[in-house]
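Once you scroll down, you'll see the structures, which are given as structure tokens.
What follows is chain A paired twice: with chain B in the first complex and chain C in the second.
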Partner chain A sequence: MSQSYDRGLVEDFGRWQEFSAGMWAWVLHKFTGWVLIGYLFTHIAVLSTAIPAATGDPAVYTGTLQSLEELTVVRILEVGLLSVAVFHILNGVRLLFVDLGVGLGSQDRSFYASLVLTGAIVVASVPTFISGAF
Partner chain B sequence: MSTQIAEEQQTDEPGTGQPADAEAEAEREENEYAVPEWATESEDGPGENEDTVRLEVFRYDPEVEAKQEPRFDTFHIPLEQGMTVLDALIYARDQYDTSLTFRHSCRQAICGSDALFINGSQRLGCQTQVQDLETPVRIEPLPHQEVEKDLVVDMSHFYEQMDAVDPYFRSEDVEEGEEQRQTRENREKIKMSTRCIWCGACQSSCNIAAGDNEYLGPAAINMAYRFVMDDREEETIKQDRLEIIEQEHGVWRCQTQFSCTEVCPKDIPLTEHIQELKREAVKKNLKFW
Partner chain C sequence: MAERYSSFEPKGTRWFLQRITAGFLIVVLAFHFMLLHFVNHAYEITFMGTQARMSQIGYFATMVLFLGTATFHGVNGVYNALVNQGLSGTRKTAVKYTLVGAGLLLTVQGIRVALAMTGMNVTL
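Let's look at the complex of A and B:
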């Protein structure tokens, strides 16, 4: 055949509604992984600049953290960070079992379980994170 | 299938006496069997009722100028008990459009020719019941392979990957005519992996294989599993095989999305086999000293 038709990669992303459980687990694991890496660097940047090594004043550190915690956005982002971290941990445990060849037949159910557990933990944590924010 | 056509002929025969427009009559002359008036390709047909199913089929033909732009054609197929997607496609080709192109051979899910992208999932046309699907049934060629014409894709890359793992039995010191015995347990172990029909559904569903052309893909790795786990081959040959699959684009590219396992028409636990080979590859390189 002299010619052929390449449909390109668009179809992959256009078909997200047809993704199966394993695919969603992979997508979410990648996404949460990148979020955690992004958070890690932000965390290091904020704390290292706030540490009073340069000024010798502990009040700088305390002041930085207190002013951050006063922001409602930060409180809400903390809940988001927890949900991302908890999902990444639980799905990581799931992947550990997958790598060991344990329970591959119920990989979709273990993904749903990790989602539900994440949701429960996040909901339970909301009072702690949000109290006093509003 | 032959009896099915015979039945169609019988039911269609009384229809020939009915009045119809010129276009339908011209079509009738071309075809061996009568085409029902409602079963035209146009959108303004009678629509869906309990007796017909609407197929939306991907069309593309690089050799005809008017068909070089990919499009979807609609066919209304009279539904029958037990009709598969392949039956529906054959009906559409035989009755409406003889240029509709797709691969098929055995019609019983063993030749692996008719893996198609049906309603967003890789399935065998001959194994998929039309009545189990949501309508309209959307039929496309396998994703991530280049389309040659209509539903026919270029499988050469898939076959290259399959060949890359030496998918044949090798044994060094077997005398001529000597019987090679396999234990029942070992046969059970490789049983599922031998069921591969080379349809390419797994490779097409794999997100990693789509982005990395060098990745062996689930089918090839499963084929490697079939021989690595076979006790009748010598240890040296097993090591050779493991060396192929532990390459950069071998087993380690698998990220356990389970897409291949979900679409495999023969229910081969592909991800499980890939994971087992990963462990074999690690064990091969582990040294305690």
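Let's look at the complex of A and C:
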């Protein structure tokens, strides 16, 4: 016999203080997903400078990428991108395990673990991402 | 506890494809970040270096597959998130075809970029 669980509206952010770990995982996975698809369009737009570069002006591509990398704000945004990508990957792995029926009883802990691991990976990567920016 | 918050109709085709592409993307996205931020630093990237990488058939094929799966995973995820928010009827159909169009445009432009990165002239 199936049981129903009244989760309330996840979309009703006014009651965010009542959100459980599972709801936060849902919200953060959606948020990071939106950021990543938005970035994919931006990424291809910037890399489109390879098209004129291939016809004899490689400086268009090299200059565009290196000029962007010289901007401190871009380096900071890259750390932000890394954060959302790492969280989306780790939480995604967690969701795949849940879909396979693995670890159903420890979803809260695996969500917190994915948050902690994201933080650790991002902090460890900061020196590489900002080297030469300041 | 066995609560699940998903934007997908459970066990449908789109649900399944979202998982398959996720498995591929986990590996390739991590590889992409490692190669272009830790092995080669982003601020040192040049067209010559990009061309050298993209001229290897295995790398080129991986990147094009990466583009295709990332586009599908992203667009499919957005569509299901919107349906989950209550999108229905004509608006749902309009959103579906807008997302399919945006996904196709992104894929076509991405393939043009990938070919240009090998040194090919793809100007229209």
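FYI, the second predicted complex is superposed on the first by the 117 of 134 C-alpha atoms of A that agree within 3 Å, B and C clash if a C-alpha of one lies under 4 Å from a C-alpha of the other, contacts with A are read in each partner's own complex, and residues count from 1 in each chain.
Here is the rule we use: contacts are C-beta pairs under 8 Å (C-beta built on N, C-alpha and C of every residue); 3 or more make two chains touch, one makes a residue touch a chain.
The shown structure was predicted, so the numbers you read here are calculated from the model rather than taken from an experiment.
Student: In the superposed arrangement, does A:Leu40 touch chain B (first), chain C (second), both or neither?
Tutor: second
Student: Tell me the contact category for A:Glu69 with respect to chain B and chain C: first, second, both or neither.
Tutor: After superposing on A, A:Glu69 lies in contact with chain C but is clear of chain B.
Student: Is it chain B or chain C that touches the larger share of residues in chain A?
Tutor: Greater contact footprint in residues on chain A: C.
Student: For A:Leu104, select first, second, both or neither according to whether it touches chain B, chain C, the two together, or no partner.
Tutor: Touch partners of A:Leu104: chain B and chain C.
Student: Given the touch rule stated above, what does A:Val93 touch, chain B (first), chain C (second), both, or neither?
Tutor: second
Student: Counting only touches as set out at the top, which of chain B and chain C does A:Glu18 meet: first, second, both, neither?
Tutor: Only chain B is touched by A:Glu18; chain C is not.
Student: Of the residues on chain A, which ones does chain B touch that chain C also touches?
Tutor: Residues 5, 7, 11, 20, 22-23, 25-26, 95, 98-99, 104-105, 107-108 of chain A touch both chain B and chain C.
Student: Considering only the defined contacts, which chain A positions touch chain C in the complex?
Tutor: 5, 7, 10-11, 20, 22-23, 25-26, 30, 33-34, 36-37, 40-41, 44, 47-48, 50-55, 58, 61-62, 65-66, 69-70, 78, 82, 85, 89, 92-93, 95-96, 98-99, 104-105, 107-108, 125, 128-129, 131-132
Student: Quick check: in the complex, which residue numbers of chain A touch chain B?
Tutor: Residues 1-7, 9, 11-12, 15, 17-18, 20-23, 25-26, 95, 98-99, 101, 104-105, 107-108.
Student: For the complex, which residues does chain C have touching chain A?
Tutor: Listed in rising order, the residues of chain C that touch chain A are 1-5, 7, 19, 22-23, 25-26, 29-30, 33, 37-38, 41-43, 45-48, 50, 67, 70-71, 74-75, 77-78, 81, 85, 102, 106, 109-110, 112-113, 116-123.
Student: Report the residues of chain B in contact with chain A in the complex, numbered from low to high.
Tutor: 60, 62-63, 68, 70, 120-121, 143, 146-149, 154, 207, 210, 255-259, 261-262, 269, 271-272, 275-276, 278-279
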